[in-house]
Amino acid sequence: MQDILSISWLIPVLPFLAFGAIGLWLHRWPQVSAGVSVSAIGISFLLSLLVALEVFSQGPGQVFQVSVRWLEMPGLKVDMGILVDPLAAVMLIVVTAVALLVQVYSLGYMEGDPGLASYFSYQSIFAGSMLGLVIANNFGQIFVFWELVGMCSYLLIGFWFGRPSARDAAIKAFVTNRIGDFGFLLGILFLAIIFGTLNYSELAARIPNYHNPAVLLPISILLFFGPVGKSAQFPLHVWLPDAMEGPTPVSALIHAATMVAAGVYLIARAFFIFSQVPQVMLLIAAVGGFTALFAATIALVQNDIKRILAYSTLSQLGYMVMAMGVGAMTAGIFHLMTHAFFKSLLFLAAGSVIHALQGEQDIWKMGGLSQKMPVTTWTFVIGALALAGIPPLAGFWSKDEILMGAYAGGYLGLYLLGSLVAFMTAFYMFRLIFTAFFGAGAGGQPVHESPPVMTGPLIILAFLSVVAGLLGSPLTNNVFAHYITAPGVAHHAASPAIMLTSSLLSLAGIWLAWLIYQKQVVRAEDLRRRWAWLYGLIYNKFYIDELYAWLRRVVVDAGARALEWVDLKIINGVVNGLAYLTGSSGRALRYTVTGQVQAYAAWVVLGVVILLLFALMAAIAAMV
Amino acid sequence: MSYELLAPEIAVAALGLLVLAIGLLLPAHSRKAVGYLAVLGLAAVLVLVIANFNREAVFFAGVYQVDKYTNFFRILFLSAALLIFMMSSRYNHLFGERQGEWFSFMLFATLGMMIMVAAGDLITVYVGLELMTISFYVLSAYLFDDRLSAEAGLKYLIIGALSSAVLLFGMSLVYASSATTVFTEISGALGSGPEQPALLAGIVMLIAGLGFKISAVPFHMWTPDIYQGAPTPVTAYLSVASKAAAFSVLVRLFLSAFPGLSFDWHLVLAVLAALTIVIGNLTALPQTNVKRMLAYSSIAQAGYILVGLVAANSYGLKGLLFYALLYVFSNVGAFAVVTAVEVEEGDAELESFSGLSRRAPMLAAVLTICMLSLAGIPPLAGFAGKFYLFAGAIQAGYLWLAFIGLLMSMISVYYYLNVAKAMYIGASRREERLLVPTSVSTALWICLLGTVFLGVYPGPLSGLTELAIAIFSIG
Amino acid sequence: MSDFPILSAALLLPILGALLIMILPPRQESSIRAVAAVSTLASLLLSLGVCFGYDQAKGGMQFVESIPWVRDLGVSYALGVDGISLPLLLLTNLIGFSAVYASWHTEERVKEFFALLLLLISGVMGTFVATDLFIFFLFYEVVVIPIYLLVIMFGSSKRVTKEYAGMKLTIYLLIGSAFLLVGLIALFVKGQALLGFPSMDIGTLAGVDFPVTFQIFIYCLMAFGFGTLLSMFPFHAWSPDGYAGAPTAVSMIHAGVLKKIGGYGLIRIGLLLLPAGARYVAPLIAILALGNVVYAGIICLNQRDLKYIVGYSSVSHMGYVLLGIASVNLISINGAVMMMFAHGVMAALFFAMIGHLYQQSHTRNVGDFGGLAHQMPRLAVGFMLAGLASLGLPGTVNFIGEFTIFVGAFGVYNLLTILAISGIVITAVYILRTLGGVLFGPRRSEWDHLQDLRGVDLVPLLVLGGAILVGGILPFTIMDLINSGVGQLLVQIGPGSVGGIF
Amino acid sequence: MIGLNHYLLLGTALFGIGLYGVFAKRNAIAILMSVELMLNAVNVNFVAINRFVQPAASLGQLFAIFVIVVAAAEVSVGLALIISIYRQRRSVNLDDFNLMKW
Amino acid sequence: MNLDQLVFLAISGFTITAALAVVWSRNIVRSALALILTFLGVALTFFNLGAGFLGLVQILVYAGAVAVLIIFAIMLVMKPDPGTTNPTTPSRDTHYLGGLLAWLVVIGLGLAIGFTTWPSLPAGPVDDDAVGALAQLLLGNYVVAFEAAAILLLLAVVGAIILAKGADKI
């Protein structure tokens, strides 16, 4: 079965081929394009399954690695390679599965869109890039696909390019990612310079023995820039909520499996570096934890169904990153996986709602959907429950592992923070559900359940959201942690006490939401009015976007204007000034030619006089 | 002594007299024919010189020297005259019935130059120079009803006579210091050691006197006026040939009469060259009359050529000769176009060239290419010439001069391109095509091909210059 | 066939084409275009043939031709290619070929246009294949005048008039070349003194051990001359104005290849002949390079005219090339050469697209456009490809260049490189803003009449876009070639460390 | 004892006076006359040098003869030019002759 | 003061005075007459230097031909009021500048000459057959110059005629 591993390079390549075929040739037939795209990712999914089976059958610690020469010169070697180990295998499955389902769903969601062919080609390249990133065996390659993922998100977020907001969101996403990539690239350069290789296994062999551990500090901080951008951690989180401007399936893809997962995955991949530097680990945990709380806070007050989900993603990403930081890498990845399933489920279900409501996204304008769209509603509820961490759904197990990791790692503060976030999560999710699905019907428009091509993926994802968590639960003897591990990763058996507390907190959140939004014990409106300034602050996302916009306007754009002024007035001014000087000295000299022949004669004689003077001086100098 | 080597001078003199006589004899309306005679005669003399290029002889104890150096310049003068005769075929109508005399004066000027280059003695140099100069006084004023032409003639005469006097005074001091006027004997008589003040004064006055002819700054002020006022073919000849003649004398003078001078005449000439290049180019910038612009440009060109003498080494002198010859092609080519336009439009203002590329693409192309060659843009001849000149200068340690020279030559592109701009994008006053007679277009083609060929493949000419400067003992 | 002078043939074909065009009657516009297309295509095919025929294992100068030319100057008509010049030769022909198609719709004075264009292409090509200083310089300046004429005859006047732009460009470059020429002549003279015989052969002069102070002095001259051509900060002022004034084909060739002569010269002449000087001055160059990257990049943020954006951005990108050159090591110089190739195809593609747009809309102001992807999807693809390449996206050849330069430079100038890498963020901002402004947003009906790329218009997109992607996806195809050249060059100049000037 | 220096100084003085005339006069003919003074000064030099430095050969005198011949030719051409320009402008004042300048 | 010096001083004084009269006179006719006197003074100098033939030539050519030519020309272009026919330059600057420059040249040349030690002083014996020697040179080593001078004279004559005749008959 080694064979299957050696053709695992096909997993990322197939979607790329689909992209190429659609882009160059098939785009004239949108349906064919869609078919090709779905088939490609479907085959990739099957291959991933086979690969995963093979990997897991070999047992933990087995790494399959092949490289081909890509960019090589003495002193620099970037290969294109594949590295398949349990971590990669899990990610492959998650990515291909979610991508496949999203694409299938898109067949229904995007039906009739004039840009269908492009849409599927972007989907393909997005999936391909992500898979390439997952399967990469060195930092050079991961950077290549890392950037490509960024580009794809740009294309997909801006898919409805006719909308200025979509355009701006796409640009924002790309640029924000670029800022992270800037640091990431520097980190990679450091690695290349100091260790002379970018290959994971070679680095892993060298780094623990490196004689000067101090250099690892800047390297790992710089490397962490990448995840901060890509996984939308504070302060580079601003692009993610705006990324809602893309079609909803795209949001599902970005938020669940591709884009944002890349950052977490990178931390896991480079865990052998990060784990060498405790300070950075602390930093990672702190950033993750802060993001989790920060985003959850914002999610409490949002009205847009997708935005709520977006902030929840931010918050959950914070969770994962925090997990990495506290050393619970396994838990982080586990949460990544479960989150991928239920978050894509939530987005797709939300998409189904939006689709049915002709683009309406405000939860206050929804309501009473549970009767009209039962499948959507109940899958959404399953997803929300999973997200809220209600046992025995997937989210419960993964979240608990993270909390356990924090607690056991001695990060009591982070543990408390995580628990608080769990409570908030449950609250805002059920605020959404009670309002949008169970509240009074807002409009009288006819609403129909989505077609099977859309509900099918919802059901599958709902199923996965229910069962995926079992892989990491004591029920399966923590099979997940058995395979997904790394040196320095502590794994802690789940503690019943923590499980209980977190479950209770989640339930409390749901209960509170029920009280406020279903029973209307207190009117949300009153709360809002009473805490108007706080509400305003949170609702406006703590004015971070405005701060950045202000910075851009005041620092960047004004700097650009200032430098342009310098260029036009000073640099060009010097050039033009020299030209002018030359020209005017010409004009000045011109007027020495007066037309008076005697003046000419005077010049001649003046020349003679000067020459005579020179001759006399020379003669005197020769004599003395 | 093989006196047949003097045949070119004799032939040109005879041709001049013949043309003069025939011009007077022929009826007024058919005097154009003397042009053909002059062209054919000159061509024959040119062939004669080329055929005897390698034959050398020293006449009259060094007073008159026919060597490869002489022959090189003879070829230069003769071909310049030939090209100008060809390109002026339509312009000559302006001279009316005095065409015959015009040709003969041009031939006498040529004779004067040929005597100058061959002369190995101050007296002969002086007489040759005056023969040339006085011919030019008359030629400059040859457009009799033209106020500018007469003014040009008078100005040229006054300032020319003044500089002749300066030159003569210098010669007298040199003569006083060495008791001889023959170059080869001067170098023997001076010996070594520090020079007497009178000798140095004499030398600088020689520089000043000849500097007038090459229009080196500050002896250059006459140039634009005379070039603008004189009939265009005369201007062309004045700019290429009389300048080359003066250079040929300067080189022979400094390298065979004053070879061992401890006085740093290189520095003097270097300063003059730098001034000439800078002022010539700068003053050309604001000009709006193409003829006058070319006059200033020719001042600058003289500066470049002078660099070769400053260096006074193999590359420098080769460059000097090379440049002097390519200058014939490039400058005559440029003036040929100016002549053609002037005949058509009546003046040489920049507006008259506007839109020329549509009316006469050939003329526009030739003028552009010739001017670019003057600016030293490869692959045209001017570049190769400048390369030699400045290689010489740098070899002799005059890096600063090379800097100034090359920098200014790039600045000069500005005013050349202004003309090109007018020709290529300007709107022309008239639309009909500008017809060019065969003789003129032949001259244009020769200039064009010469300019391009010498730039692309400078090898043969540089070989020739190497032979020509072999008579001087230089490093 | 091994004796066939393939380089000369590639070099002379466009000249022959130009001569042929000159004798064609002006009315025969389609024949004129055909001649231009065929001669550039033939040249492109020949240079591809050279690429495939080049023996990388052997390395060094190959396809050498040498004919003694001017004996007393030691000049030979000597051509040859190695791993450094070959990509640039290919680049020239790719762009030259595309430029012919990008200007297919030229209506006025077609004859002059294509004749000058072909001369220009030949001239640029010549600089890359010449192995003799004299011949190199000859070709170097041959290109200036055709460009001037093309700009004033076919250019456009926006912020500055085309006359001003053309003259500024010409004089600026010529003044730079004056310094260069002084340096070259001094090199020649000194070389003659040390060798005992005159030689302009780059290979021969490379064997001469010039005194260090001499090297430093001459390298400064070269850095000014070539730096001006490469639009090194602060000598870049000609570049944006020049591109803005120039017609499409000229912008393509100028930004695409002509600038690269500067970088090529700094490597081939500056580094090979004057290694000590190059290393001494390198830190200064690196600082100026940072000026390019950051300064020009930031200015881009405030540009509205598409050509100015690409103009300033090309100034910015040249900073990377300079940084690579200034780092003087194998990786960085490999990267610099790669970057030159990459920027060449990218900038040419950009200008081709802008040209297509401008030709129909007569405006280049970003604010005037919007949503063009609705009407012109293919043009949008071209713009996107060029834009993404410009910001160094992996998968495009530009990424390879930038990445390699960063790796090479990082070990030499830590801080400078970090600052220079910030350029990738700046680039992303202005490129994305531009693309967004032009292509995306609501459909604007006033541009409904615009024709998308079709027929021959697609040639530049396919050729240049293909080059961008092939080089980006399979970088070893080009990089191995470059490495074979740069490796030998670095062996020749021997080891050493940069610095000294500060 | 009168030596070469004295004669040369005489020549110099004449030369200077001629030079002054060239600058100071307006009439073109007067300027021609001044130039003649300068040429005569040179002739004085030549003959004196011939006498004191090289009495045996007559190079100086020969030179002087050529100068005289050339000067005569120059004067005749010059006067003809003056007459010709006088016919056009009714003036021989050099100040009036500045149609071409700058 | 011996005779030599006295004669020299007398002739020099005469010549220089006459020359100054040429440039100082306000009447062009007087200037021309003074010019003739100057020519004569120079001729006397030549005689004094033992160059009798040259003195004669000087008188013939200059005092005779040239002066007459000049006077003819003066009469052709004469203005009615002879007192203002030979004005000095109106611009004071040119005037003074010219004077200054002339002085500078004189001083410079005078210094150069004064500081020079000449090869063979005092005067040697005078060649008896100066004319013969001159003829030898003219038709011997300097025959080219001689012929050129002949052509020059022809040229001058033809040129002068053409110029003086002007454009009347075109």
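Labels for the chains are A, B, C, D and E, by order of writing; each one numbers its residues from 1.
Definition applied: contacts are C-beta pairs under 8 Å (C-beta built on N, C-alpha and C of every residue); 3 or more make two chains touch, one makes a residue touch a chain.
Source: prediction; values computed, not measured.
Chains that count as touching both subunit B and subunit C, per the definition above, are A.
Highest C-beta contact pair count among chain pairs: D-E. Set against the Cα centre of subunit B, the chain with the most distant centre is A. With centres computed from Cα atoms alone, the innermost chain of the structure is C.
Between the CA-based centres of subunit A and subunit E the separation comes to 100 Å, rounded to the whole angstrom.
Taking each chain's centre as the mean of its C-alpha atoms, subunit D lies 6 Å from subunit E. Chain geometry summary: the mean Cα position of subunit C and that of subunit D are 64 Å apart.
As a whole-number value, the distance joining the C-alpha centres of subunit B and subunit E reads 31 Å.
Counting partner chains per residue, subunit D shows two or more touched chains at residues 4, 8, 15, 18-19, 22-23, 31-32, 53, 59, 62, 66, 70, 73-74, 77, 81-82, 84, 94-95, 97, 99-101.
Shown for subunit E are the residues in touch with two or more other chains, namely 89, 94, 97-98, 101-102, 105, 108-109, 111-113, 115-116, 118-120, 142, 145, 149, 152, 155-156, 159, 162-163, 166. In subunit B, the residues that touch at least two other chains are 123, 126-127, 130, 134, 137-138, 141, 144-145, 153-155, 158, 162, 169, 173, 176, 179, 196-198, 200-201, 224-225, 411. Counting only pairs that meet the touch rule, the chains in contact are A-B, A-C, A-D, A-E, B-C, B-D, B-E, D-E.
Residue ranges of subunit A in contact with subunit C, taken from their complex: 69-76, 78, 140, 143-145, 147-148, 151, 154, 158, 161-164, 166-168, 170-171, 174-175, 178-179, 181-182, 185-186, 189-190, 192-193, 556-557, 559-561, 563-564, 567, 571-572, 575, 579. Residue ranges of subunit D in contact with subunit B, taken from their complex: 4, 8, 11, 15, 18-19, 22, 28, 31-32, 35, 38-39, 41-42, 45-46, 49, 53-54, 59-60, 62-63, 66-67, 70, 73-74, 77-78, 81-82, 84-85, 88-89, 94, 97, 99-101. Against subunit D, in their complex, subunit B makes its touches with residues 122-123, 126-127, 130, 134, 137-138, 141, 144-145, 147-148, 150-155, 157-158, 161-162, 164-165, 168-169, 171-173, 175-176, 179-181, 198, 224-225, 228-229, 292. Note for the complex: subunit D touches subunit A at residues 19, 22-23, 31, 94-95, 97-102.
Subunit B makes touch with subunit C in their complex at residues 314-315, 318, 357, 368, 372, 377-379, 383-384, 387-388, 390-391, 394-395, 399, 402-403, 406-407, 409-411, 413-414, 417, 420-421, 424-425, 457-459, 462-463, 466.
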